[in-house]
Amino acid sequence: MTADHSAPAFADVARRLEAILLVVDEPQSLVSLATAVAAPVPAVRQAVEGLVDDYDGRGTGPRRGFELREVGGGWRLYVREEHDELVSEFVNAQAPSRLSQAALETLAVIAYKQPVTRSQVASIRAVNVDSVVRTLLARGLITELFTDAETGAINYGTTDALLVNLGINSLDELPHISPLLEDGADGFESENVR
Amino acid sequence: MAPSPERDATPDIPPVNEPASETAADGAGFRVSLGVFDGPFDLLLSLITKHQLDITEVSLSRVTDEFIAYLRQVGPDEELDEASEFLVVAVTLLDMKVAGLLPQGELVDAESVALLEARDLLFARLLQYRAFKEVSGWFAGRLQTEDRRHVRAVRLDEKYRRAVPELVWTLSAEDFAALALLAFAPKEIPHVGLDHLHAPLISIREQAAVVVALLRRAGTLNFRELIAGVHQPGVVVARFLSVLELYRHAAISFEQLEPLGELTLRWTAERWTEENLATLGADYDR
Amino acid sequence: MTADHSAPAFADVARRLEAILLVVDEPQSLVSLATAVAAPVPAVRQAVEGLVDDYDGRGTGPRRGFELREVGGGWRLYVREEHDELVSEFVNAQAPSRLSQAALETLAVIAYKQPVTRSQVASIRAVNVDSVVRTLLARGLITELFTDAETGAINYGTTDALLVNLGINSLDELPHISPLLEDGADGFESENVR
């Protein structure tokens, strides 16, 4: 509403964003941030970009020990990477158990092929994937998207939690493998190869 | 999932990814330590990598031989579906090899067309599998990097927590217990529904559970009582089979005074754990 | 250790403090902070004072939406008071007044299985439960009981607030579902055939 004084309004939005970012426990989209600080999305976008620069030391201040990152579809405060070890020691963090190679490959297939059924994944990997799918579900990395009305097969897709775990903001940021896939596309789409 | 590492394993054989040492003609030249591979494509890829060859017809015959040799090591008691996955690939490879050995006539007959298609399909799937295998390395790296990151995730200050609207609670203790039952119900990954194709499958184990529950409560029951109120023939059959199974486990005894006469069942098990139930009727699973 | 170059060392301590402060729940004493960033207490005191001024806008940068405050003998980041209302509204809007089905089921699992870790709950529910556990914690329906010395996993249990909501005096009054619990799966006592 008081959009006449551009500079103070911007600073104001940035300060309110800082307050909100301090309490959130999930990535917040620009829209959700805009609602929270009662400002239009473009102003919030500008303020967020300003804060990123600010914390990265491209403003008047120093490069902070924390940073503002866009991950998993939203913005959150992170410890800057160079201090990760220090913080790990302090919080005595346990390294979470790693995913098996089979789980990683299955996850990759689901990420690129979603929505995809278990039998489609199995035919790409040529092995049974049931237990691996269960692990990925329990980790919250994949989710059931919908059930095929005709076959009753469940279609799986990846979650925002996967994006967060990969440190990316959207599936578009996955590396390109389409050239390889196009080669192989014909034939196996017909799915009853066994 | 992978074949068990013990059987037929020859541990002193170099890993398959190593550059090809000359292992040629001597039949048993290529051995793999079982358990390394997670699937037929995995094996095929390893064989191809081992010979540092492109997937071309030139390499095909050799790779086929080694693939078949590997398959021979997979014993007959190997998991059926696992072995069959390998077999599908092996048959395709063999077909292709045979086609390569035979002189090619000018006439393109239906069979060779089908073979070409099979080859293309196999190659296509192999390429695709390799693509996913490669990209899974990227996933592993990213996941590992991000595991080390720390995001701000702190408890909400008490003063803000108080701002949260009062919780509306409508459940009684009984509702809550019912919810718990629901939550504890085993969550099988649902299978593709085939109900429209076949009669629904009836689990002997589930029926045995019912039989056990009924018999333990009553001590003695005749079979008619055991199937009282059951209208599905399949359930009756399953209960009968589970009675036989329970007898085999010495959990019950039965009496029948005359042929086709009343069948009286008695619960006799001194020790009975749910583990017995979990393995019961396994013979009928396939 | 490299206390010869006072200025860069100071900045360095301040940045590491920012990293630690970003992740802590509880106010941290100077001694604890000094241990965390591996610097002598006087240097840490100086850096903390520097950060207070910095965040309050008495340095080169703006007055931040958060502040560094000493409360109860320790230091922690707080939302600046002038943004309290904004944050309260945000929190309020985020928290529905009813628990979701997922949250209720998770709560039920914790109630009957306590003490129980998040990963145990996740494997029973076959979904990731991190965010609902946070919700239940925030609602005061569950609490952290203790941390497993070996695995570092936090064990959760329910609170008196749950008992009050259920209208019972103790956990013993929860209706029995024990056959299910003993072996975790086969609840055949309930005789209902599919």
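Per-chain numbering from 1; labels A, B and C assigned in written order.
Everything below uses one rule, namely that a contact is a pair of C-beta atoms (placed from the backbone, for glycine too) under 8 Å apart; a residue touches a chain by one contact, two chains touch by 3 or more.
Model, not experiment: these values are computed from the prediction.
Asker: Which chain lies at the heart of the structure, taking centres as C-alpha averages?
Answerer: Answer by centroid distance: A.
Asker: Identify the chain pair with more contacting C-beta pairs: A-B or B-C.
Answerer: A-B
Asker: Where the centre means the average of the CA atoms, what chain is farthest from chain C?
Answerer: Measuring from the centre of chain C, the most distant chain centre belongs to B.
Asker: Give, as an integer number of Å, the spacing between the C-alpha centres of chain C and chain A.
Answerer: 22
Asker: Please work out the Cα centroid separation of chain A and chain B, and write it as a whole number of Å.
Answerer: 31
Asker: Taking each chain's centre as its mean C-alpha position, how far apart are chain B and chain C in Å?
Answerer: Each chain reduced to its C-alpha mean, chain B and chain C end up 39 Å apart.
Asker: For chain B, what residues touch not just one other chain but two or more?
Answerer: 150, 152-154, 156-157, 160
Asker: Give me the residue numbers in chain A that touch at least two other chains, ranges are fine.
Answerer: In chain A, the residues touching two or more other chains are 21-23, 25, 66, 77-79, 87, 91, 134, 137.
Asker: Where on chain C does chain B make contact in their complex?
Answerer: Per the stated touch rule, the residues are 19, 22-25, 78-79, 84, 87-89, 91-92, 95, 97-99, 104-106, 108-109, 111-112, 124-126, 137-140, 165-168, 173-177, 180-189, 191, 193-194.
Asker: Going by the contact rule at the top, pick out the chain B residues touching chain A in the complex.
Answerer: Chain B reaches chain A through residues 1, 38-41, 81-82, 84-85, 88-89, 117, 120-121, 123-140, 142-154, 156-157, 160, 189-190, 192-195.
Asker: Where on chain C does chain A make contact in their complex?
Answerer: 11, 14-23, 36-38, 54, 59-66, 77-80, 83, 86-87, 89-91, 93, 122-123, 126-128, 130-131, 134, 151-153
Asker: Using the touch definition from the top, list the residues of chain B that touch chain C in their complex.
Answerer: Interface residues on chain B, with respect to chain C: 150, 152-157, 159-161, 163-169, 171-174, 176-177, 179-187, 206-207, 209-210, 212-214, 230, 235, 274, 277-278.
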